[in-house]
Amino acid sequence: MASPHSDPSSAPAAGASPFAYAPAPESRAVVDIAPSYGLFVDGEFTEAADGKVFKTIAPATEEVLSEVAQAGEEDVERAVRAARRAFEKWSALPGSARAKYLFRIARIIQERSRELAVLETLDNGKPIKETRDFDVPQAAAHFFYHAGWADKLAHAGYGPDPRPVGVAAQVIPWNFPLLMLAWKIAPALATGNTVVLKPAETTPLSALFFADVCRQAGLPKGVVNIVTGDGSTGAALVSHPDVDKVAFTGSTEVGKAIARQVAGTRKKVTLELGGKGANIVFDDAPIDQAVEGIVTGIFFNQGQVCCAGSRLLVQESVAEELIASLKRRLGTLRLGDPLDKNTDIGAINSAQQLAKIRELTGIGEAEGAERWSPECELPSSGYWFAPTLFTGVSQAHTVAQDEIFGPVLSVLTFRTPGEAVAKANNTPYGLSAGVWTEKGSRMLAVADRLRAGVVWANTFNKFDPTSPFGGYKESGYGREGGRHGLEAYLDV
Amino acid sequence: MSDSSGQGRLTVLKTYKLYVAGKFPRSESGRVYEVTDAKGRWRANAPLSSRKDARDAVVAARKAVGGWSGATAYNRGQVLYRVAEMLEGRADQFVREVADAEGLSKPKAAAVVEAAIDRWVWYAGWTDKIAQVTGGANPVAGPYFNHSAPEPTGVVAVLAPQDSSLLGLVSVVAPVVATGNTAVVVASEDRPLPALSLGEVLATSDVPGGVVNVLSGRTAEIAAPLAAHQDVNGIDLTGADAALARDLEIAAADNLKRVLRPAAGAPDWTADPGTRRMTSFLETKTVWHPTGALGVAGSSY
Amino acid sequence: MSTSTPPPLADVAASDGTLRRFLHGLPGVDPVGLEARAAALGTRSIKTTAKAYAIDLAISMIDLTTLEGADTPGKVRSLAAKALRPEPSDRATPATAAVCVYPDMAATARAALGDSGVKVASVATAFPAGRAALDVKLADVRSAVAAGADEIDMVIDRGAFLAGDYLKVYEEIRAVRAECDGQARLKVIFETGELSTYDNIRRASWLGMIAGADFIKTSTGKVGTNATPANTLLMLEAVRDFRAATGVQIGVKPAGGIRTTKDAIKYLVLVNETAGPDWLDNHWFRFGASSLLNDLLMQRQKLRTGRYSGPDYVTVD
């Protein structure tokens, strides 16, 4: 594996190219992280009622970035009340006015994109090229897209005058902190709801910076409230009786707990949960693009993606050739300093997540799957995991069933299209799938039979604000994005 | 039904049976319960379904998913229309059963049956339109064809409304199957006879066996295993009271079933049904595929 | 220099049918994915020491080209002087790989370059259209080789290729190859802009390699679409896979439209991360270019002095 040489004294790897890319770090100077942050409630930053705080660290270095308030029940109560108060006026605004606020937010995110990208890379550990080229532009695009809906809801197919639900409780994960915020807040605000959002415990900073974006946009107080904290904060938020809508992205386990918690209430719920996506490669696939798609599918964001293509299903007749190509390609991935513009693989988000990846890969080995990683020197501090392949995997292996949420690909083979579809669907999840073939009819037939909310054909991990996203089965319910995503925030 | 003590011909009573996998079994438990009319007069012994009957019905419904969801929408529309035709032909029987069950006058019961027939016609026409209304092209910012279309959720447990024994029943079952799902229907507990008779109509209407399965008995008893069943994908709680609905929703969370909660007030089954009952048990699938230029682009760095 | 088709592919060109089946059996190319990969590699940030290395490498890979109706001996001599010593004020600047001219200028170039090591490359085979009888094309090649060309840049018969007459294209390359054998390395130009699809470019690449090309080259520089990151990436995949299949290494030459240092470095990233470091040498990779050289020289001056340079500080030839 090539190394971006974050440590110039380190010896080049064996077989290293004479064309050694010099370090190309993005400057940290564009972002000014305060030593501490409060909760953003009713347009102001305030400390937690009980004064509790927690630290957020940079997973690449374990450096403490800031101290953040830990919201308790009292704080959640305050935030929900603020959102409720703001709801009346906000929902009564003409759609065109709400639209303008969202357009402003989209523009401000674009203006501050460098700052937000560096911040996100620091707090999350993902490569700057992803935050710069994906997370932040997509976040802006989501606000821009939904802004346009705010004054056109009567034409969205939900009746002549669809009404907002009320106060939305939104709990988001750490893998795409700012983008998941955008997925939640943009449609909620466009449809006239007010929100209380809880970012993930390990990645609170971009949401707190977003609070400042709201301030710059002149958003009325209480329309967006940000409460930071751990799972207990999230639980307090979704169970709050004055919440009308719960939107959660995260683990299936927590999703089920939320589904139980809201039972018997009038709370509207959407859940975007785990996955074990199958990426099916037929013998007539465009092979070089398939290799890229497999890499994008599982190593994008260190594989910490709910819709990752974590199971490669390759037709047996081309398996050997494909795996060889894949291994060669993995050898060119550059792991290291996430702020380096040439880094392909950044840090794992937390010690806890790293431990989980290690545990599951350990089980994979113990169960007899063959483990392979390219030669790869991991930095000495921070949370790192080398890109890993498991070959000789069958559906009965744990690494083919459990969501690892890390840069770990399980390779299985199949003989016929029917077998491929059966294996792909053989999971309680149903979020994403990929199919690679140059034969149009086969692509359509397979896509038709895959039980997954998103099917990428001859591509993978593509997203767009206009394109509804969400799962079948235990990957959750409801859609985010597109016309479909509005339904979650309308009283229909 | 005429009185056996009179001078007239002794009528033949019908043994009401379940409708599962296109067949008419008794409850495997051998149990029955008395069904009375609105005035408390005995009308029939209905099967008192057990957990195992529920399980068998799920197996039948699962088996039917592939064929039914894979049928063309046009074909499903014709089958549903056929149900309306068959129901029309047996309207008199249903008028009697509805009048008995709901304590309605003959004209009122007839109006209910007519509305139920018309509801099948309405949904027959929806089968090949719902995808156009709820799906479509998404103009993504890139060289990709991107298309969203609805797909049936799979096996749906339907707790039919307790009050409206036929119109309410049809109003909850038809939208589920119109979109390609298969259904395990728990009939109104006290008014199950129209539902059980509807099974006979479905059996003669080209509806493949297993697409609709009808169980009678104690709603709570049958619904509990259905709500917890890992191979059921959705549940319509219309026929459950608030306490039961809450318990079932909790059980349904184990495999994240799609849950349609009971309406807040008493539903007006004569109102325009809208599309929500269909969309509640539809998944949206979005497919991406590259498009790109016709030939090599002049793109450069 | 290989003399015949390597063993694993020896029978591929046994007949029109076998050749067609082989070429049509190559994996398809998804255009969007290919272009996305090329664009992604284009975002690599090459700075400081890496940039200095890349600039010198790029200079050393240039086939400094003049292919004009108005070419004169004087023009060719001045180009040769530039190729030998691109930066008179800094002798550490590498020479270019070659000077590329029409066959009638090959002798002039040969005389100017002598035994400097800078090669004489000559286009041939009725460049750029390639529309001439085979014996005319071969005579063209013969004259260039006789005039001292070290390298022959031939064009394939795109008409025959697009008509599906792959064997004709193959045999023509073999015939040209026979004319150069032992004396000149053969670059085979596909005119990728005219082949139009990436599937065709992949097929042409394999056809050229099987027929004995030493280099596969994108284009003549004379049509609308010349070298692009995507078609070069595709050809780099082809030479990578060909070496894996046969053990034989083939060179790649994008030509036309590469004018800036930034672009050239991105192409080198394509080489580095696709075919691999073994191709980071002017024996295996070339740029067909003219104005690129001066931009590289200006960037080189900037790295050396810390100041931005200007066109008055590089020579116009």
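Letters are used for the chains, namely A, B and C, taken in the order the chains are written, and counting of residues starts over at 1 for each.
Basically, a residue touches a chain if its C-beta (ideal position, glycine included) is under 8 Å from a C-beta of that chain, and two chains touch if they have at least 3 such contacts.
A quick note: this is a predicted structure, and the numbers were derived from the prediction, not measured.
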Chain whose Cα centroid lies at the greatest distance from that of chain C: B
Chain at the geometric heart of the assembly (C-alpha centres): A
Pair exhibiting more inter-chain C-beta contacts, B-C or A-B: A-B
Chain centre separation in whole Å, for chain C relative to chain A (CA means): 43
Between chain B and chain C, centroid-to-centroid distance (C-alpha), Å: 68
Whole-Å gap between the CA centroids of chain A and chain B: 37
Where chain B touches two or more other chains, by residue: 144, 290
For chain C, residues that touch 2 or more chains besides their own: 30, 32-33
Shared interface positions of chain A, touching two or more other chains: 458-459
Footprint of chain A on chain B - complex, ascending: 133-134, 136, 138-142, 144, 146, 148, 153, 233, 242, 245-247, 249-250, 252-256, 258-259, 261, 264, 276, 283-290
Of chain C, residues touching chain A in the complex: 27-30, 32-34, 36-37, 43-51, 53-54, 57, 237, 268-269, 272-273, 276-277, 280
Touching residues on chain A, where the partner in the complex is chain B: 141, 157, 252, 255-257, 259-260, 263-264, 266, 271, 273, 428, 443, 447, 450, 452-459, 462, 464, 466-470, 472-474, 476-477, 479, 482-484, 492
Touch list for chain C against partner chain B, complex: 30-33, 35, 38-39, 42, 192-193, 195-198, 201, 224-225, 228-231, 257, 262-263, 266
Complex contacts: residues of chain B adjacent to chain C: 143-144, 290-301
